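Letters A, B and C mark the chains in the order given here, with residues in each chain numbered from 1 onward.
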Amino acid sequence: MSRADSASFRGLRVSFQEELEALQANLQEESELVLRSLRGSLNALQQRDVELADEVIAFDDEVDERYLAIGQGIEQLLARQTPVAVDLRLVLAVLHINLGLERMADLCVTIAKLTKLTAELEHDATMVEAFEEMGSRAEEMTRVAMRSFAERDLAGAESLVDLDEMIDRANRRVVKHVLELGNDPELREWGLRMIIVSRCLERVGDHAVDIGEQTAYLVTGEFREFTDASRPDE
Amino acid sequence: MSVSAGRLRSDGPRGRWSGRAFYGFLLFSLVIGFSTLGALVLQVVLKGYKWVDLVLLFEPPSAEPLIAGAEPAILATIYLGVLLLLFTVPLGVGTAIYLEEYADRDRWYNRLLEVNIQNLAAVPSIVYGILGLAFLVRGIGLGRVLLAGAMILTLLVLPTVIIAAREAIRAVPDSIRQAAYALGATKWQVVWRQVLPAATPGIATGSILALSRGLGETAPLLLVGALTYVSFNPTILGEFTALPVQIYQWVARPQEEFRVLAASGIIVLLAILLTLNAFAIWLRNRYERRW
Amino acid sequence: MVTATSVTMADVSINLAEREQQLPPKEFREVVFDVNDLGVSYNGNQALQGVSLEIYRNFVTAFIGPSGCGKSTFIRCFNHLNALIPGAVVEGTILYHGEDLYGAHVDPVEVRKRIGMVFQKPNPFPKSIYDNVAFGPRVLGMTDGLDERVERALEQAALWDEVKDRLKASALSLSGGQQQRLCIARCLAVEPEVILMDEPASALDPIATTRIEDLMHDLKRDYTIVVVTHNMQQAARVADLTAFFSITRGAEGQRTGILVEYDATSKIFTQPFDKRTEDYVTGRFG
């Protein structure tokens, strides 16, 4: 039984506005979990720590639990309160962000799994450092995105596009770098796997931008992408 | 595309003329009725107004027109009125409550009762007079007394009071009763505390109108023994006369002065009845419910 | 999948028993009414048939369904108001805290003292506000501390602040929403355990409706509330449990009301078990 159900069964007055607040609070908590997962996977990658990677993979269950609970909460809210106007946009935004956060956590799991896979292989230190930078940027973007959502800050949300630039550029450079890694088969294998890690980090950044777009939708009521996918590569 | 203004004008004089003719006919009927009535009343008033004085009101009748008054008749009419109210209101309202709130419409005796109330209202008043004579005056030996007259008048106006009370009770919306029942009231409590208080203005109006009808009746009173010549003030169990009767026997006298007296008596009677009716209308307007 | 015309009583009872309903967990529920195979007929016309469910204490239970499905008839069984309609026959049993509501020596007055009712169209008595609220206590002999009783009832109905300075004014001078709250106060004044509401807000504007719904939320702390509503969104907002009634047609085309589904409101409006329920709540009915 969902939290809302049991509360009302206990005879408490759970008003519509309180339910909305609770939903958003849950979402923020979920984002904290995702950030922990991200930091964990980045550290595991840096330190080639297999145990930490395992922890990150196990931790994903918690995120999933939260994801399902929020999903149920949204269903209840829509069915019972039929929200309109800003309330409706809020619920839809929460729905999207919930999805995005869950994907972000999944991406962290992928990074952790790849860390385990490549733990014994030769590696390139510069790339690993670059990943740390990308990862940190992704962390920052996630924080900015969630804060902008909480504060309904449109400018903050739109700033995410610029923040994402760095990750996108770094991601594109990774392929070039891997091609220059040389003929060592272990290194080459590591490099190929790291392309996926890079891609994961780039996707995390994209999801953060999506969260920003949801904030913009909530505030303006318009469905729009911040960037045009057909923009030519730099 | 705009509709041309010409289309809006009426097609022809047909409908309008028959409408106007009908309206004219209505006005005509109204005028005929009211002017006839007005002429009669005016004639009486002009004839008798000079003689409406303290003598008329406070002196007993006499063979001498100049000192003849109608005090016993007026008093008797007043007593009759009071007794009439005392008898008809409980009986009429009680019957109405029974029929509306308690009676099961499917029972034969209740349906019989309903049908007969309508019939009784249509019976000519002289029949009541004969009834009174046979059962009250002779049958139970009451004699030709005021009480008998009151009882007969009661029977005469009772159907009207019952009908008026039923209307008033029916006008109380059922939602009021349902709400009262839902709060735990018994049937009696619902009737006594909600239905009756709400129906009271209608009942009062109906009763007063019935009363004024009863006071104007002459035929039944004659048969029950309103004597033609009463020079003492009436008592309930004594012999009596009433204002309509007094007027009647004055008219029958040969002297012209008595005709004038009759006219003045009519004025007094009309005044009493009009006052009663005006009071009933005022009551109804004052307590008119908007549900 | 059963269709509306071919369902039998057996089908319905199997469906409900087979699956797990999302009723309040055992530790939270206390049965107030236990309805078993209830049927109501008026002069031989079966208006309602085969209804079985439980009403729990301190919850709001809603009855929804198309018009003519018998939900108003059903709710009036709980306070013997059907007895006022000549020719009404009630079969089956309703147990109120274990006692048969239609037992041989049951006094309707005692029943109505404990089970009050608010009607669709506000119906205040043509008396003062005070006398309206005081009517119930007066007829039931609860005349001690009448002033406090009236004040408490008006407070519980969220009307005290608006009328405390004009208790002697006519009840008919209040607005529609206020009149309905007055009717609720009138009902509360006799301290019932259960409050039945037959479409309490359907005659009111949206703001007045919201106030009544908020009131239901508050009142369920102390009372058990059963509400009939034709407004599904209202049931979704307000009720903890929802019972959906529908109409079956007999062999000669007679229409009889039946209980189709009874479950937690969240279940009814997200994943109803019966297709008929889903058709109704999604608006595809009829």
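Quick notes
Assume a residue touches a chain if its C-beta (ideal position, glycine included) is under 8 Å from a C-beta of that chain, and two chains touch if they have at least 3 such contacts.
Nothing here was measured: the structure is a model prediction, and the numbers come from that model.
Using the contact threshold fixed earlier, the set of chains in contact with both subunit A and subunit C is empty. With chains reduced to the mean position of their C-alpha atoms, the one farthest from subunit B is A. Taking the mean of all protein C-alpha atoms as the reference point, the chain centroid lying nearest to it belongs to C. By the count of C-beta pairs in contact, the leading chain pair is B-C.
Centroids built from CA atoms put subunit C at 49 Å from subunit B. Here the spacing of subunit A and subunit B, counted between their Cα centres, is 92 Å. Taken in their complex, subunit C has these residues touching subunit A: 22, 24-25, 28, 58-59, 217-218, 220-221, 233, 236-237, 240, 264-266, 269-270. Touching subunit C in their complex are the following residues of subunit A: 1-2, 4-5, 8-11, 13, 15-16, 75-76, 79-82. Across the complex, subunit B meets subunit C through its residues 104, 173, 175-176, 178-186, 189, 193-194, 197-198, 289-291. On the side of subunit C, the complex with subunit B involves touching residues 79, 81, 84, 86, 109-110, 112-113, 116-117, 119, 121, 123-127, 135-136, 139-140, 172, 183, 186-187, 190.
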